[in-house]
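Pasting the structures here.
Shared between the two complexes below is chain A, which has chain B as its partner in the first and chain C in the second.
Right, the complex of A and B next:
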């Protein structure tokens, strides 16, 4: 985790800045990693709208690589993808695929 | 114009960041993401409050916040009272010409903070007629403190305070029908939604924030820890809840009820009960009769909804 705000940097109410939780690393929670096959993906965004961890970035209407800093490996995206473009692989064994 | 097109919504800012501490596969953050994406339509800004519960403790860990909107971290019992105050202050500022923008005031609460502990402040805010939207993410127990039963826990479910054993079959009492209780306040808009139908959910959010007066959304929120299911089936369970009519999707707009999803083939509640370990003990021979009871109660409720919808349609046709 990155440096916490110092006392005099905080605003009244205690919270430094909205969205600051983004700096926290929750990728270490994963047991399985979602691997996306972009050849198969039809860019329907069904995965994006149901990810609990805001870990599927979308740019110009298309999803990009999963944000591994935040993804907790729940596997919802893989279950919901209508064309099975996402596979869950045990962490550390991604290269064996 | 407000839109529920995923492509168009994906251009909007993501107002709930990752890095929060909700369990993997939790329904809560999915709901909050969908609500915030939809609410910021038509140039609206969002001001939120949230009562004590899973989402509060996991998204606002001192000194951080996962919310990219101003959020008031309230106590268990007063999310609705807090948002009432904020909304009243906003109206005053507007009257004095000190502020011009449009703001959606949204109070969030879990089922503990809504069905039970925060109920008086919710009821009060509805009755006073504040212009706000209340969103309940209903995971059917006090999950944050360790899976204790709430007024939203369904009959037969195991919780740590309604255990199953040689004498007890899990919770004996039925789930409180909060959506109906809210509707009885005569609010202009209230609805039940589920994150497995994001466009229906987001349309309801947009309707709620655009409606003058108090609006209420009750949203089913699976909890892998408390319901005892794998984290990857969260959305599939929501679908099953709609297909078994355990969680009907409907809305009541100015007193008129419409059902938004009618399963082509209503699935037996057995399938729902089988999908989660919190109901496991119901399949023991001594508890099997409870499954029949639960099915009968659900059928009755679903029948009432269908009848009410048909009645409201008739009334409307007569008045035309």
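Right, the complex of A and C next:
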């Protein structure tokens, strides 16, 4: 564990480096997991736009596998996908699909 | 050019806001503040300010929008009263702890229930632990002057805390008074520009605002707020002095009136201290009682040291509280008594004027007389007295 900052070493107001959640594992908060069928996916990137947690990475203009370190399982991507390529499955029951 | 005008308390605060020309104002109406923002909205409609006026659906939203604007680097203001202030509660703390230098006139009014629209200080007294600076105004002139100075106090780099400019509902907000207002350009020069070191809109170097902090960091942020508050008295005095050089009206933390040689001092906040000054004059002349009045302009931070110095020569001190902490007594009295820990001169609390009940000149004279009686007889009980309640 790194040394904790002292009071006067901290910027006032609870303001600090942006994007630090990147380093935190919050993938354990889910109840449901989005499973993407890449055969059906048409790469419209709607899910990438609507995901409130930036959990859908895009490389070379195409979405990749959902980042399970950050996905909260809210299901917005599944609802918004125009071709129903995403299915929400109860955590731990993915293999039953 | 400074000018003499006739304005109500609401109009005088709106006039100050016009001259401050905030980038963003978010507001929701509530009696007796409504006319203040009504007047300000007219300035917006007439193009006299550059302000973006956000009409929100509640005071919770008004304060939320004001905080967001402030965090974006905007000079942001709002105004409210009573139940509106109560609805802002959650965000009041967020405004002060994210160090937003917001200026907010609060037109003091009693909290429900039973519902009442008239003046007492239960609204802002309840907010005394919210991390805001609180300035109280005796008259419309002070409401105007306090609003202008509040910008400088709030935005001072040592401070960066929000300020409530308190003015008594109806007694000041709806009373027409002759006052002197400053030249627009003078106010502009006096307040300068806001220099916020960070901004939500800084996309080149994005930061987290309102971060999540746990047991390992939260406490340090609170101590930073404590430290910032400690720097406020010096800033208030410096700004008040500079304001005096500009306008001829200097301000400090307190306003002692005939206290140097006073045996009996009455301490209070807001418009009632004007009545008390008159009572002190009358009693000195008519009854030879050496009375003085100590008006606190600043309630947060509490100017404990300065107050004690003024009261050190008095035989007895009375405190005028226009609010009550149920199960304790008057908040001003208890803070003052705590500030004077170790002093033996007696103090008596007079809780008055809840829900706007009038405190007449005769009432205040009676308070002074009862203090003289308590001093002479040594009988100071009860130390908490309710003025003018039928029981």
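Note that the second predicted complex is superposed on the first by the 80 of 97 C-alpha atoms of A that agree within 3 Å, B and C clash if a C-alpha of one lies under 4 Å from a C-alpha of the other, contacts with A are read in each partner's own complex, and residues count from 1 in each chain.
Definition applied: a contact is a pair of C-beta atoms (placed from the backbone, for glycine too) under 8 Å apart; a residue touches a chain by one contact, two chains touch by 3 or more.
None of the values given here were measured: they were computed from a predicted structure.
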Please determine whether it is chain B or chain C that touches the greater number of chain A residues. B
With both complexes superposed on chain A, which partner does A:79 reach: first (chain B), second (chain C), both or neither? first
Identify the partner contact of A:19: answer first if only chain B is touched, second if only chain C is, both if each is, neither if none is. both
Just checking: does A:6 make contact with chain B only, chain C only, both, or neither of them? Give me first, second, both or neither. second
In the superposed arrangement, does A:45 touch chain B (first), chain C (second), both or neither? first
Dual-contact residues of chain A (chain B, chain C) 4-5, 10, 14-20
Can you check the complex and tell me which residues of chain A touch chain B? 4-5, 10, 14-26, 29-30, 44-46, 48-55, 58, 61, 67, 69-76, 78-80, 88
Quick check on the complex: what are the chain B residues that touch chain A? 6-7, 9-11, 14, 16-22, 24-30, 33-34, 59-71, 195-196, 198, 230-236
Residue set of chain C touching chain A in the complex reads 97-99, 160, 198, 205-211, 213, 216-217, 220-221, 223-224, 227-228
Complex contact set, residues of chain A against chain C: 4-8, 10-20
